[in-house]
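We call the chains A, B, C and D, going by the order they appear; numbering starts again at 1 in every chain.
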């Protein structure tokens, strides 16, 4: 579960996002869409804890995998300075992945910001299952948008939304999706990842829509493997609430499991 | 006193020593042999404190200066990874320098290990003063020896000593120097820098020799400018002992000032 | 090959490297990463009589060279521990120390009674950082009197080695250590976390759901080493030292200060292999230094 | 331009950024690096009646995200301070707060009497981390009773604002803060250093000449913020917060926890320009947030 992955490539892909191509055969082989890696940032004591990043795609044949990350604070700033041939200490793949339905159908993927990362990986799996993939991707402005076309399989339909209208739909990605629905879009299932407010909004809306929907959550993590109980999220099952762990029970949850 | 110096060159010069060429016009202009820079290592909180390094030479015309450093722990390990064009946050020049006699005469420089650094700078000043410079330089073995010839002015006479005999005299540099004395060497003044036991040994011997002798000391430092009282060394003056500060009263002291 | 065995009174351990309570779950989570049998012992997550949900999120945050946690003793409770977690631990051949916590003396006594006869449990560790609800919420671990009485009672019904874990949030830890010894503790473990908090300056609110949390990691190591050093001088019973241990050099400081065993806490999160590596490195160190056992360096820095 | 002035009771400061005692000498050392007049005030190195030599070397060592110091109150004594250091400070137009320390109540009283009339000194800060030699070495700062009596006596003869500096090495800092307020303190400053030690594993000896030392720097910040937060709820007098402040974000945590002013200590060593930059950044922050003064965020994180 613990490996040193070799950095094959690091590249800036938007005003504050980076693409990282890593070589590590075992992780490339074992990873499922929705799972994440818990990466140690440097060897210094600050930053102290590992940082979780979704796996954005794998190539088991080449033994490689992709990460997309956004510079948020100290840890990601330091990560953005790794260089080709550096080794990254990666724990994983961790967590449960997305589960997809058996039938051929239309899957809608909804991403806010860097939430696009796990959905890229997922879209490949869905396309292999012969599904139609529609990707709604929102960011605050054009410069924050990752060039999706170069990361997303060309078979996927892509719709952009920016808050300032600098690209695609002007407004939130949830609104763009609503417009799609208004125009007759019929998703068989939805997969979403992004900021909490976006997911919360989706969960609210879905009380009417009632689509099968899986969402990927984030929480601050220490161990990443279910030992510290640090990444708690309140979940409900048959009316009873209990404490779920994002790292072990998630990061992917059913939309109606999560108590906001 | 606080400057960002530009790294022009970093180069490994022995099994565990590095040479650093920095560009910073003010420091290059103001520095005196024996003074040091207090350098911040990276921007992380670990290592926390700055690290002191002697100035190993300057070129005021080019606005450049030299540092020689040995990898000891975390701080110097990180320093060894700086790259050309990086900026180093340097406080200095700090401390008092060596003071040299007016007369033309024979100066003996005694260095143990990385203690060679400030003496390189000093040798240039002494040669400019038309003095004869004899440099005794000791290390534990050949591979630890900095290629002195490429750093030392060619006018200086250089004698090596290694503990394992892999280069020059077999034994301590103090013994090599003693042999020189036995063979008729007549130093007018001595300047020494190196590990504490070496300096202590010299001070002991000098009770017989009675040469004018200045030594450069090391102590753990926080502020580097005399504010924290952290780098205390007991000194004596006319029989009375008091607390001296290596960063402000030193690092250069008269041999008979220091209470060991 | 140097012998890593240590005896902490009646508690014999194959080596002096333990997993600190709350940082290693019930062992299972780490079993795919390391061989649990290799560890000196596993101090499992703080156990209470009834299951606990723990504190609201966020429960952890990073701090300079450390972290804050406010898990709030989330755990499945005694019954689930005995029926589900313990059997798995025993299967993995790990030596199990159960860390117990309660709101009343009775909680501790019931837990101790139910656990101390169970095969596979080699010792109990009393976590005294909980507020004593009957005594107006004073922490069990900050009053000599309240702590002493609790230990005496638990001691009376606990046939296996009893470890008392001390909190660092006190004026004089040696006084509490002394009281623990007098009351019958066999071993003292220290330190638990320092109370701390972080404020989220964007929301202008305490970051942790619980407002305050416990500080651990290398940041607190100097405090922990000092407390081990001081307590070593004031009691005769053996000590288990912890607080910011990441590697051999860190552990050696604790041994030299006076700990006969050490525990790794937050370090496990950063490097899940920290403990097995520490065990190997300790063996090499003893061999290189020509030492027969760790005992030869325990307390060697005392002057 | 936002107004950075703050009033801590009768103590008016041009801005709320102070130099923490012991980390800024008598100001002179930093005068070639920064403009002393720009600072809210300088809390000078702990002053005793007679000159002190301080502790044996080494006196400092680095720790994860912090440092230990055991300077031992080396200082030139009252007379030299008045004749040599103070005039220079006054010349630089700095506001001077004198941090005083003693082994007996009389020491403190004499120092307070000699200093509190002197022009240029805006306040006194009582450093209570010294052992009270008459009371068997108990630290002045760890006993409510001993501390309270001392404050009452000093208060009686001190016409200028009296700051009491609290030690974090206590079970309940709010209790001591409350006692300080009751006894007449005008302002509380906190925290002083946490007691800690480092062992040199090569020599198997405590690294510091004094064996133990005081831990400061970012490592202790969560502990300091928590204490400010707790003390703010238990007293009405204003607080000066410190412990690991390096920049604006760190300082904001203290203001929001309840400090009306902050002090920078070890941060000065790492970045001699930390204070002037913090002052500028604080002004920009207030302007950006549309705040009139720092008062608007003091204690804003209290819930």
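Criterion: contacts are C-beta pairs under 8 Å (C-beta built on N, C-alpha and C of every residue); 3 or more make two chains touch, one makes a residue touch a chain.
This structure is a prediction, so every number in the text was calculated from the model and none was measured.
The chains touching subunit C as well as subunit D are A, B. In this assembly, B is the chain whose CA centroid lies farthest from the centroid of subunit C. Between subunit B and subunit C, the centres computed from C-alpha atoms are 47 Å apart.
Between subunit B and subunit D the centroid-to-centroid distance comes to 36 Å (mean Cα coordinates, whole Å). Chain contacts: subunit C has residues 63-66, 217-218 touching two or more partner chains.
The multi-chain contact residues of subunit A, meaning those touching 2 or more other chains, are 45-46.
Chain contacts here are complete: no pair of chains fails to touch. The residues of subunit B lying in touch with subunit D in their complex are 1-2, 40, 45-50, 91, 219-234, 242-243, 248. Subunit C meets subunit A in the complex at residues 22-25, 29-30, 32-33, 45, 53-67, 69, 71, 74, 217-218, 246, 266, 268-273. Of all residues in subunit D, only 64-65 touch subunit A in the complex they form. Residues 45-46 of subunit B touch subunit C in their complex. Touching subunit D in their complex are the following residues of subunit C: 63-66, 68, 142, 169-172, 194-199, 201, 204-206, 211-213, 215, 217-223, 225-226, 229, 244, 249, 252-253, 256-257, 297, 300-301, 303.
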